[in-house]
Amino acid sequence: MGRLGVLACQAASLAAVVLAWHVAVRTGVADPLFVPAPAAVATALWSTAREALPRLGDTLLKTLAGYALAVGLGVAGGLVLGSRRLVHAVAMPYVVAAYGVPKILVLPWIALTLGLGTSTAVLTGTLFAVFPILLMVAAGVRDVDPTLVTAAVSMGATRGQVSRKVLLPAVLPSVLAGMRVGIVFAMLGVLLAEMFAGTRGMGFLMQRMAMAFKASELFAATLIVSILSIVVVLSLEHLNQRLSRWR
Amino acid sequence: MKILAWRLAILVAILALWEAVAAPLNPLFYIRPSVLPGALLGMWRVPDLPPLGEHVRLTLQEIAGAYVLAVAAGLWLGFLLGLRRTVGRIYEPLLAALYAVPSVVWYPSLMLFFGLGSASKIAFGVALGFFPIVLSVLAGIRQVPATLVTVAQSMGARPFTVFRKVMLPAMASTMVGGLRAGLALSVVGVLVGEILGSRAGIGYVINYAYGLMMTREYAVLAVIAAAAVLAIDTAGALVEVRVKRWAG
Amino acid sequence: MPGGPTTDTAAPIVLEAIGKRYETASGAVQAVESVSLTVRAEEFVTLLGPSGCGKSTVLGMIAGLVRPDAGRVLVAGVPCAGPNPEQVALVFQDGGLFPWRTALDNVTFGLELRGVPAAKRREIGLGLLEPMGLRGFERKYPRELSGGMRQRVAIARALALDTPILLMDEPFGALDEQTRLLMGEWLVGIRRRARKAVVFVTHSLHEAIALSDRIVVMTARPGRIKDVVDVTLPFPRDLNAPEVTDLRAKLWEQVREESLKAMGTRP
């Protein structure tokens, strides 16, 4: 089955789901209070979008801020963690443990000290995103083929030259991979913070809609956020492909 | 040995730093680690806090329920997409797209649909936990060396036997990694669900303590919950190591 | 005493009873023991022996990447204290090409380190790739090249620094049989133009005989020099000539004995 065929099947499946959904609501199998009809969601899409746009922008800004911080910390930390054997052996269990602890447990404390505003969301976003980036970059550094370093050294490369001309390009794919994963986590952290302790932003809006049983609006909002993140991730993926022609 | 000494030193240093930084600050917001053991012992006697035992039990039940369903759904979907080539080609990209969405966006809808009770927490736990399982099944199938399958077939093994005696053992290491990650995520899903909106469970109690600014109790609960999660994950890691050793 | 004439410190490479010992989890391992050798200018010397006999370690010591535990290494009359990019260039078994750089950028890497300007680098690089038959491939990435092509790029990279000494560690080891044979033929052509002292590590008798002025047969671990054979036949060598067949038989006898030891069975 060719690419076109696959796309057609995907579209057909989605259409089938929407159809089944429509029938379910129509025939009363699904309670319209909890499951809005597709048509209702479609109409709500427009009004929700208008209300959601500023909030979406707010969420995005916080995500980008948290993400930038996480990338800075994660890449720097990962480089150090991966390149120094002693640091790696000593610190790794702690990093892994910190990664394994659900970060939501810290969220109440952050909200308590930083309040219900932007800084809580940004910090939470950073917290969620920094660990995967850190771990992936560290792994990337450790995976650098030692022959490449030997070759450079044998040709007279100084430490600085080895770092710049060998380690950096060799590590780049892992850094990019970490960054791709990081954006989803950053957005996750921000949305979570907004749902738990926010007054603005998309997360807060969605939580409020749920409490008010505004099913169509909530579905519409969920759809909008989902499409947005898919677009963001796909663009990052595309960028990654362009930068990795040599792989 | 030297490494162990360093690790211990770091742990002590972190605790000491934490203690020193928190000491001069407002004890309502900044909890010193030295306060925690005392608070732990006093937990059960705090009047405002709901009875912990039941809540812990409920959370554990929710986790178990979520994980069982996540494994069932994950394995079913994974094998469906992995073994049937065409089905996989159509639906795997859709799954990958879903993976790009921050999972927490599903939660308000789940809360609306299932209510504030256990069902929404279990549903969310399933939503989070089944992903790594599906992915690991797909990856596992892909890395079964084709030669092994050919060898078995050439010896007359029928498809189901090939599946059972060749593919499953060859996939075991990859799959167990996914099963372990799935457990971790199911736990996170249940916890997040409880903290964001529930009437029972450990997350609820944490939220409760937070709401009443009972910071010390909240800190103790958070530490306990963290330790419990780490314990569950360590158990998972041990199982993973065992399976990997057997599977080769 | 094996190793040629007495220590001639003007020679490019002089090994004086070098040894190397490694600490492993299962105890100390003597990889190389008491190896003495002198390599003259423009001489092609092959280190021949079974796997694990320390040939690569010897090469590492000449390159300054491995420090000997015993004896000393003199390169151009000076004791070796570390990597020596002015004197020594290396070719590794799996190429060691930088996957993110094009063939040309790989070849000119050493020049880049030295600060040679871009236009000059390009000129030298293309000049090296052309006789390798790689004209037109200079902008390809290693991933896009075949194994044989990658090794040629690796050799070009080593030649770019124009050092008097070239060390090659089983450069054709990862290639299939046909490509190996072709590369061997090609290297014979190149060596006469390159005019360097070459130390070539291999476990292939064929390559050793086809390429070398001298063949140093090494024992199984701990690696010592078992025998040194001068090969004075003119190039290119007809591998079916009777002298070659005799030589091959003689070498095989020795190598076989050591290979069996390396495999753990008695000869």
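Residue numbering begins at 1 within each chain, and the chains themselves are lettered A, B and C in the order written.
Just so we're on the same page, a contact is a pair of C-beta atoms (placed from the backbone, for glycine too) under 8 Å apart; a residue touches a chain by one contact, two chains touch by 3 or more.
None of these values were measured; they are calculated from a predicted model.
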Smallest count of steps, each to a touching chain, taking chain A to chain C: 1
Chain closest to the middle [Cα centroid of all protein chains]: A
Farthest chain (mean CA position) relative to chain A: C
Whole-Å separation of chain centres (CA-atom averages), chain A against chain C: 49
Averaged-CA centre spacing for the pair chain C and chain B, given as whole angstrom: 53
Chain centre separation (chain A, chain B; CA means) in Å: 18
Touch list for chain A against partner chain C, complex: 145, 147-148, 150-157, 161, 165-166, 169-170, 172, 245-247
In the complex, chain C residues that touch chain A: 63-65, 83, 85-86, 88-90, 92, 94, 96, 98-101, 109-110, 112-114, 141-143, 161
Chain A to chain B touching residues, read off their complex: 1, 6, 9-10, 13-14, 34-35, 86, 89-91, 93-94, 97, 100-102, 104-109, 111-113, 184-185, 187-188, 191-192, 195-196, 203, 206-207, 209-210, 213, 215, 218-219, 222, 225-226, 229-230, 232-234
Chain B to chain A touching residues, read off their complex: 3, 6-7, 10-11, 29-30, 86, 89-91, 93-94, 97, 100-109, 111-113, 184, 187-188, 191-192, 195-197, 206-207, 209-210, 213, 215, 218-219, 222, 225-226, 229-230, 233
